[in-house]
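So that you can tell them apart, the chains are marked A, B, C, D and E in the order they are listed, and the count of residues begins at 1 in each.
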Amino acid sequence: MLLQCRNITYRYPHGEALVFNQLNCRLADPGFHGLFGPSGVGKSTLARIIAGEIIGFAGEITRPDNAVMLYSCNTERLPGWSSVGDHLAKVTPASQLPLLRELITAFDLNSCLDSRFSQLSLGQKNRANLTRYLLQDFDLLIMDESLANVDEATRKQIIATIKKMFPDKYFLYISHSVAEVSTFCARILVLRDVLKSPQIIEVAGRDQHGDTAMDRAVLERTMLEIVHAA
Amino acid sequence: MLLQCRNITYRYPHGEALVFNQLNCRLADPGFHGLFGPSGVGKSTLARIIAGEIIGFAGEITRPDNAVMLYSCNTERLPGWSSVGDHLAKVTPASQLPLLRELITAFDLNSCLDSRFSQLSLGQKNRANLTRYLLQDFDLLIMDESLANVDEATRKQIIATIKKMFPDKYFLYISHSVAEVSTFCARILVLRDVLKSPQIIEVAGRDQHGDTAMDRAVLERTMLEIVHAA
Amino acid sequence: ERQSPEPGEEVVYRLKWLYNINTAGDLYGLEHGVFTAHNLKVAVKPGGPERDAIREVELGRAQFGVASADQVIRALAKGAPIVVIAQLFQGNPLQWIYRGGNADYAGPDDLRGKTVGITYGGNDETIMRSLLAKYSIPPSEVNLFSVRYDYTPFYSGEVDLWPIYRNAEGIVIGEKMARAGEKTSFFVPDLLDVRFVANSLITTRKMVEEHPDLVQSFRSALLTAWQEALAPANTEKTIALVHAYDQNTPQEIIAKQLAATRELMLPENGRFGQIDVAAWQQTERIMLEQGVIEAPVHVDKVLLLDGR
Amino acid sequence: MLPKRISQFLIIYFLGLGLLLAIKYCFSLSDYVIPGFTDIENTAADVFGRYLRAVLDTLGVAVIGHLLAIALATVVAIAGRGDNLVGAMIKTAAYNLQAYPIVAVAPIIFILLGDGLPSRLLIAAIICYFPLLLSFIGILTEPVASIEHFYVVTGRMRWQLEVKIRAFENIHKLMTVVTGSATLAMVGTIVAEFIGADSGIGYSLRIALYQSDMAKVLAALFLIGVFNSLYLVSLELLGLVIQKNMGVEPRMN
Amino acid sequence: MLPKRISQFLIIYFLGLGLLLAIKYCFSLSDYVIPGFTDIENTAADVFGRYLRAVLDTLGVAVIGHLLAIALATVVAIAGRGDNLVGAMIKTAAYNLQAYPIVAVAPIIFILLGDGLPSRLLIAAIICYFPLLLSFIGILTEPVASIEHFYVVTGRMRWQLEVKIRAFENIHKLMTVVTGSATLAMVGTIVAEFIGADSGIGYSLRIALYQSDMAKVLAALFLIGVFNSLYLVSLELLGLVIQKNMGVEPRMN
């Protein structure tokens, strides 16, 4: 078990309503965990609480002492003074450089390496940013809509690559696509309105690896389950 | 016919490769037009060329003299000095105020009106920004991933509302969801790599209005057609 | 702009410098009713480094002012329509302070090999250069040192003679050094026959022509005021008055300044304000020789000995 | 905050004083070069009341001059923001005005305006407006595309709105500069008094300098420092209030 | 660009001169109050060579002083950026140093450093560093969360990187302030010369003022303006080159 949140209650300093009320959740096993829920329900907030970027909540979070939990999202930027390729190389530990090359190919970033970050398309920005997080030392990587502006085919390929390359790591994948979380995640935390209890319902996902075929009917059942939970 | 692009060729001032080579496309009838294609292919660029925000391309664009073409995207922000509700009211012509109220409800923005823009979640930001564009005087509104961070259910409801309320306007809807463009758009412009010719292939979509039932098989055929085109 | 005052209207009198001992008589006239007694309403305004009484008088912002002779001569060279109606200092207060010595005098030869402070562009430069020329001391034999208001080079012994106003800062610095056990004396160009006139009372020629009575009564009020301010009987009164306006200077210092001022302002046997035409002519000659002005201005023509 | 600022100032001041005294005693300089401690003490006690009134006087003018400078810088920055000829001329004039040392321009100002309060205020304002201007120009000429886009394409952009958007986005930077320039307003006023006035601490300072009275200079610098800190603190508090009312995260530099 | 700057300056200068001359002839003032045109012409021809050398001398010192000020402001802003005690003290010292009119501090500087080039450079730098400091502090204390986040959470953030990120994100604002402060370096040098030096245009200006020679003052102001414009243009060109090399959209204010 990497993480356990117990009775999390939180309100933003200048916010009016509670975002969380006695919320409980946990990440028990490595792999892809989905975090799903309507816009504005508190996914990003929960993610940043888990990553330790928001403090001042009530409740308790238990995690191993040295656990590294990184939060990444789709609005981050790389500095502008050198090319994307240079920045990526610079933040990659020497031992990981072969991995960097693999990721660049899998993420289809070769054509972007010589550009400045500001010259990339939105989806290219998403991918470049995610790449550098993957090369860091972490136990849990939170991907908060990190691939929101990437096309579905590329997104699928990226997720498959990540699952193959980092089988022992934990991922918390925030996305608005039911189909996607259902297909790729092992467990999906469905976050619901603060007035509902429990605020999180856990649903089992299909956890597809590689190009394994997927039973359509089973998948649809999962999707329905998620939509109903939300 | 609102818009006709002929033989558009373009390269960014500091970019290396061509983005478009002899591209042709048109928007013939009002309604929802999808613009679809892999990340980095040039959707945003084409949108901004159409809106007149990028100049210096080769080729020709014809449109009526007084046509108003607005470009909106998901990285825009509202100023921070007053609440979202105040900003929306301020940019709405008096005659449109009832419409504003309708949109706020349809877009599920009521809980955001008293907040500053910076306090909103990503999807709330998307919706607040799109709302103000819809209240302007326009012929064509380009929505460049304008709803990228909104959940699917809300997105569906928003698109339906827009189609109902603005039946005579043109929309160019950029999204990475094949299912979405197939379902809601009347025509889908599939933008392809600059080396392919023609660079744009037009596919007919299902153009769903309201909650009309949709033939699953037909929809899937459309989706396949789009994926193959891209 | 106001060109000339109506009878009974306030006249503006612009001093050359801040309120200090050099304005004792002016303040005396204001505070002890001398101006009023002459039916005058006078606004006395202090001067300063960026103030130029001649300009103000010409611009009509002031009717009377105090300016030094070199300012007057420079202004005449540029066609300023001014006249001199009284001379405040009989001896020039601009002297050089030095360490040691027994009397306020030193022979010209004492300058050889010394480092002498001068303000480049200032009066002291003109005076010192003229003195060196007069006594045929080649400039290579003295070290001229550019001074500013910071006395450190003098204190540290880097400069031997430092230009100073004898009756104002001269007293302050002398006292300060005396307290530290250092004796000081003054080098006095007047005593070496280099006579360079200092402050005098000016107005415009137009005033003299259009308002002769006003000019007369102002002049005589001011002379009276100074005479009284400098009179030994009024010493306490004058010290208190100056201190009231110049609180930064302690009364003991003002007392010494007043004594020094008396010596510089009151002629041997005459009344305050007397215009020394020969000294003015020498001043003009010095300025001409030193190239400060290019052509003679015939300063004697603007010296109105009795204010007419 | 107030005690913090003041105590920081005191530490700095007494460090500086300590350095001077150390130099004095190391090189055994006499009292007229660097005054001894008791001399400073006595002088301070002596002039305190007078200098206090003077520095309050100065502070009053400084506050007005500061407001004037902010107004001036705002106007020039807004006018000089555009790419048009008038803007360019105004900016050139603003830059060149600054290129002239105030001591050289002062006589011209006195000729044009006389020597009343207006001249003094103008001098104080000129000295403090330039740093404001530079920051204002830097901030007001930099587009905030993600906010401005909507207003530009819908034809709603007016210069007022543009200024408001850019100023608001850089509110912390503006606060830093406005608060910091208070110091310059203070110094500008002192210089103006030094050059032309007959009251205020600048005037006292000038006399102390002419009399070569370092003890008085130190006393004056002490009071200037204290009141400058006070003014800074008031502006910072005001800044916090403003920021809070604007709904931005209050921050102080 | 160069001809534009210079011609703008000339227009401003001659407008100002025209105003003065208009006043002169309206009130038929003597050459002493405001010099006539021929007087100015003759004086200008007379002093041109000397003043030109003087202003070049000044420019040399100004450039070095400007570099010094940039270095000083950078160091202080970086050191004063943090919330720690040392940072706060350094900032307080920096602010207070500025609160003292240079004319009051100059004697202390001359006592400590003697009156050679170092003192002059220091005075020039002090006068021009403060606006730089204010902007630098404003810019360097404002986080750029969207870029910094990665480096902070991965433990890679060093102060150098933080400074680099914030400076780069505000490169246009920095350029505006650095270029604009050139004017202050110029003026700082002139003031230093005015107070203490025996060369440079500031020194010439002081003499002209002592002599109440307005024609010389105007001639000096003319040359100061021309060379100030030249310096500004050079910095702007340099700025464009730097911006281009950094790969940002070159822009000029």
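Operating definition for what follows: contacts are C-beta pairs under 8 Å (C-beta built on N, C-alpha and C of every residue); 3 or more make two chains touch, one makes a residue touch a chain.
Keep in mind that this is a model prediction, so the values were computed, not measured.
Fewest steps needed to get from chain A to chain D, stepping only to touching chains, is 2. The chains that touch chain C as well as chain E are D. Interface comparison, C-D versus A-E: the pair with the greater number of contacting C-beta pairs is C-D. For the pair chain B and chain D, the distance between C-alpha centroids works out to 51 Å. Our note on geometry: chain B versus chain C, Cα centroid distance of 84 Å, whole angstroms. Contact of a single residue of chain B with at least two other chains is seen at positions 14, 75. Among all residues of chain D, those that touch two or more other chains are 33, 103, 107, 111, 209, 247. Each of residues 52, 55, 59, 149-150, 152 in chain C touches at least two other chains.
The complete set of chain-chain contacts reads A-B, A-E, B-D, C-D, C-E, D-E.
Those residues of chain D that touch chain E in the shared complex are 4-5, 8-9, 11-13, 20, 23, 33-34, 88-89, 92-93, 95-96, 98-101, 103-104, 107-108, 111-112, 130-131, 133-135, 137-139, 141-142, 172-177, 180-181, 183-184, 186-187, 190-191, 194, 202, 205, 209, 214, 217, 220-221, 224-225, 228-229, 232, 251, 253. Interface residues of chain B facing chain A in the complex, by the touch rule stated above, are 12, 14-17, 37-44, 74-75, 108, 111-112, 114-115, 119-124, 126-127, 145, 148-155, 176-179, 227.
Those residues of chain C whose C-beta lies close enough to touch chain E in the complex are 1, 52, 54-55, 58-59, 71, 74-75, 78-81, 119-122, 146, 148-150, 152-153, 292.
The touching residues of chain B, when paired with chain D in their complex, are 51, 53, 70-72, 75-82, 91, 116, 129, 132-133, 136. Residues of chain C that touch chain D in their complex: 18-19, 45-46, 48-52, 55, 59, 61, 149-152, 155-156, 169, 172-173, 176-177, 179-180, 182, 246-249.
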